[in-house]
């Protein structure tokens, strides 16, 4: 059409166009960063999940110590990924990119608090989690790679990432699912102490969540139902242990178990 | 009156309405806080050690209900008495929760079902719609259904704590409740749905009683109970 | 009182409530029917030939509003006066529609905005909540927004029918309405959403006026109007 | 620290967060009120008589922006400076609206596009994130898109008011804006959606210019404009 | 090629695809029928009288697997060999079920876990994706999980039928299976969910073994078993 | 608990454990590949979207040729990503990972068909798209990087990835949205021929889709509504052009436009 | 015929349809009431004391089925016989419930499965579609599945009440039922889903039998039963 | 009769039902194919060039309806005549589509609304439910609403193709249709929703007529039309 030409007079070097070019750059930079963070978050999620699977092997594995060490190594690898996230966020408002990284951080909280429970039978605090997310610039190579662009290089040799209280809560809420699995596993493995410990612990978490109730954000309240179900499963498991234990005097239990173990050994010898 | 004068008047009405809602929301928030505290308190009964403390816990809860009364008294001053249903949604949820908590306390104290009248007394509100801030019947029923599900959990944890007689008593109570609900012709969707959950509670408790019975623990419980009462 | 006696009493209350709702639904259905008849009558004004008959159509509509009054009078007998908001949802929709229809008639007659008081008079209900079955302010506003959208359509069809002055008057009227609404601080979701639609009506009418103006038809209209009035 | 202590701490954090949000909401409400007043003021330019008063209206609007500055200054005291994006959603909408209003004033005054820096100055906030409460680029762009749609409406109403030169100038302006926006790679979000609307504004203005040119009114306009300026 | 020709071609492709799916569905239906027959056959082992007949039942089931082989052979002719995963959903469910049935037969015969290779042989399909119609690893695992749950049921019913040694052997078997599954990193999908169920099977069997041991029945069982084998 | 130990006799070198260890490897390998493909798909999506934005600049930019070249370069970059995808899929059944890559491929179809329409005013076929997705092993470095693991290296020096007909259809369905945008842009830029061309073209695609109707998968039928809306917008734009063009005899149009262009020039001179 | 005449005719048809539905709804409500009464009656068998009264309860239930017959007879007069499936959804739910209740009564009386023919006789409807208001096969099956779940509950409560033989008989019955259902090739989604629940009932009962067996109570039951029958 | 015999009989019934559904699905698929072909054919009228060919297109469509008749004739043989509503969902959608297509052809030929009787004749089915495979009234109305929306599109494209008189005639037609629908008291949700869309069609066409009218093109059209007819 003949009219097309007339529009060409939009001067591509006008001040408007110049600022829009800078907008283009700004937006693309932001989106690229967001995208990199999403990818890191996915990596963090996957590795955290695998750490959790690893930790579940403890209830059946004699080499508990070994598994704990292995899980520590895995979590350290996850923290290296989180370090990259933190690096991306230097000088940024982390809430601007929170949606990108939140899923990964929640899964990390789940993994790290699961490990902590196994080690200490208690709940890791958000403070302790964040203590492990302070990073120092040890790797000299990296430092030399980006010497000019990053103003934080020389002044501060540490930087950190803080898990938000809400991410922490959501991670802990998911932790209860893993604890429930651990409880049922324990019963299946003839471990009669762990279930009662777990039910005690889970109840405390449940009471904590119901104390918070709906004052938290919607995502937190949404988890209450699953949490309640996990607790019910654990309470039912303890109930079953108690009920079946009622058929025999307490002092006989040890006897019974050793007999049974013997039986099984013999059985296996036969098959 | 010009159009803009008209709208200024209308805005006055709207503002008044929004102010009322804001006020209501604030009181409801404090009510929710108190309700949560009572809940945390009463949830202690599920802990093994908690079973001895039940009377003490109930006493404490009763004290909290004093605060509830004050807060509800404040709530009813926030809006014209004949507009209860206009703002009903604001307090509906917390009121159902308070009914449950009151019913739980009463059950723990006397092992009976709190009546609608008794609940309103505990909450310091009216039993009768005509007399002021009252308790809607569906909210009462909804709170009672929450009680049923809490009791089925209590039955389980009683056994864990070594109390074999309580489940039997809970079973009788829940059965009575179930028969009561079957007398109702429920239309209301959300209440109907919650009522459907009752049958799982009934079943759960029946299974607990079964477990005790097949192991002869219910007899033991019965003789215990005989001694206790 | 045993549990089952308690529940029998409760069922009585529930039944009474359901009966009320059934009664309300029936009256609301007849109201909807009447509203549909008035609508069909007034829709005629969009047709080419309909423009001459406007006064006659308005008179007929006024007659129908007699029936509406009777039906609304019957409606208010169906439930206790202080439970208006309990059953509000049942008649909310049809009442908004009736407000629109009344406002449309008044606009066609006098080209002014019907006041809330005037609407309530046409419908035979109260302007004031305290005095009985009244018109909720949001329902009034919702009906008025329907009027705006109907008028934008009328502006278009006026041009088709060769009446070039009416769109100019509608434009002025809608602008006033828009300014009025801008005075309101709307929180309510559904009303807010409907209000957002008003700006499309304003724009549409501005475009009609533009079309007239660029073709010099608005001057023609102005002189016509001068002669007519 | 026991689990329950931990949760009490967390609850404290959440409560603090909600208190902040409550505070923010209050300030945002006053901002919305001021924004609505500026809007009402500037809407006057679409009315026939309004075209002469533009400079006066702009002056008045500038005064209102003083209030805006104070309110925004208050807003930034309500939360930690480095958590802008944590609470962004609360003021996002009103800030976009204020950008639009500032851009509209500037356009009416000088027929140029307000820069991001200039807007932040008018609003008394920072242009640069590092320096404090700033204007997010997407909010700036969103406000500018609202301007485009307002100007397409203004083009239409200018013709109605007999001003044939303004549409031509608006056309040039919007075309440049359109070229600017085409440089951007937007995500499938609300900004993208709003940008899609720009095409229709451009189209509408193109149609007005066309209408003027086929009637020879654009020549008239050009010579007028020559005289006016 | 014109647009419409292109779409005609595409439609042809889609139709061909649907025809393939239709063909697949038909074969899958016959597979389901055969699977149901094998299931009914094997369900007999849970009945009291069924315990003696296990070997005979297994032989009969083996015959049915001949039919399964033929049907699966037919299935693989219905679609291009390298598009297994395109149509996977169609046979996924029935294949998992057949894995379970094959694993059940093998368990009943030898009390060992059927390997993936052995299953594919029983079903007449490939163990290796590259070589043709194969068994997806997740489907294999899913079938094995069904076996675990069936065995926990079998343990219960064995006791009822007076066979006190079988539960012990099942216990050992399931424990090993459980250890195996713990090695896997599953996604949050249906396999994960089914795997979560395994814990309950392990728990159930543990309870059975416990019941036997406190009654000294496991000793009895052990000596029996010694004699039997 | 004392029972724990008894479970330790699950021999970690039993044949069952050995096969489950291999299952672990197999599953992890599969999930890792899936994850890599998801990331590639995201990259493909983003770059394709940016290509589309670039192509929209043509209607206002005088340097159409330049933009086309730039878009070609961008699409080539996308194809390099697709090449990576194809590499991952060598020897695999692509449908096994289809869910991971489908979103990216659809967006690529949208971008490439948009460019093709701009160049040729016609619809690119799925065949032509796939022709460009046959890759040869040119980069020597890559070859030397993975010399042993990949059996395809020596025998076949080309490999390819095929966009499925359904991905193609879904990409084309989204293309119509871009065409609608282009149409409205054209009207706004005073181009009176393009809208009619576009409406003709869009109508053909719409007719094609309604010919297919609900015989395709659900995702395709779901797009029909949006497609219809896009078509309506284009038809309405053409209607407006026709209606407003009706007020002046055809032969005068050129005149009018030149006058108007003049006006605007003068106007700009003044401001 | 003018368009408006056409639509008046159409409205006549629509109204007739709505009237039919209203009539049906009313009868269905009374049916639901009667069904609830029968249910309450039969629920008594789960109570400890209820086990002796079974025959009496069944007799009473039979009386109620008289009322059901009358109501169903009334229902079938409300619509043309060949439009059963047009209105099916209205009574589907209550009919399934009545099937369950009839099946429960028959089971309690004779410990056999009620046939479809027998149910239709109890309900006073047709067994054969061609002959009039009949019982859809899926509704029959659905009612039977409810029976299964009720019987698993009854097995549990029988043990509590000290009746150790009933669970064994229920187990045999449910197993037969399960085999029966396995003969069916179910397509229908809701029925299929409900059938999946059956396996939990089977498992539950097997566990009850296991509990009796491991404690030697089933032998006791067997000798009892021998004496009783 | 044993339980398993009973279930074998039941399976027979279920199989028969599934076979019927399978048969119906097949015929419906061919109907859909034919419907799609007619649609593609008639969509040609929106193309600029297509306006001359309308009569030829209608003739071709009529031929296709021959195929439709055969297919529908086949459909009705697939199930017992009195179970129309049992399988209604299967053909409901395609039948609505065919109604639309028939109504479109009739409109293009004679610019009148096809009656329900006429549609059934075109489709070779019954007008009267009692006489066999008929057209449900809601399906008829649904098809007619689709016509309205197609005609609003046709009005737009007519103008583009330079035919200024057709929109005026379409406008009259749609207005009549709208009045017709206003006579109906629609309960049915999906139909009601679709009817709500009609008012957008009405508005769209009014705007087209407006555009023609303000440019004097409707007069031109009128004189053209005068000559044509």
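Order as written gives the chain letters A, B, C, D, E, F, G and H; numbering starts at 1 within each chain.
The definition used in the following text is that a contact is a pair of C-beta atoms (placed from the backbone, for glycine too) under 8 Å apart; a residue touches a chain by one contact, two chains touch by 3 or more.
All figures in this text were calculated on a predicted structure; none of them were measured in a lab.
With B-C and A-B as the two chain pairs, more C-beta contacts join B-C. Distance from the subunit A centre to the subunit G centre is 49 Å, each centre being the mean of its Cα atoms.
Taking the mean of the C-alpha atoms as each chain's centre, subunit B and subunit G sit 34 Å apart. Each chain gets a centre from the mean of its Cα atoms; for subunit E and subunit F, those two points are 41 Å apart.
Along subunit G, residues 179, 183, 185 each make contact with two or more other chains.
The set of subunit F residues that touch two or more partner chains comprises 7, 10, 31, 50, 60, 189-190, 207, 211-212, 215, 247, 257, 260, 264, 268.
Pairs of chains in mutual contact: A-B, A-D, A-E, A-F, B-C, B-G, C-D, C-H, D-F, E-F, E-G, F-H, G-H. Those residues of subunit F lying in contact with subunit E across their complex are 7, 10, 12, 14, 16-17, 19-21, 23-24, 26-28, 31, 91, 93, 95-96, 98, 122-123, 125-126, 165-166, 168-169, 201, 204-205, 207-209, 211-212, 215-216.
Residues of subunit A that touch subunit B in their complex: 199-200, 203, 206-207, 210-211, 213-215, 232, 235-236, 238-239, 242-243, 246-247.
For subunit D in complex with subunit C, the residues that touch the partner chain are 32-33, 36, 39-40, 43, 46-47, 153, 156-157, 159-160, 162, 208, 211-212, 215, 217. The residues of subunit G lying in touch with subunit E in their complex are 175, 178-179, 182-183, 185, 203, 206-207, 209-210, 213-214, 218. Subunit H makes touch with subunit G in their complex at residues 1, 3-4, 6-8, 10-11, 13-15, 17-18, 80-88, 113, 115-116, 129, 137, 141, 176-177, 179-181, 183-187.
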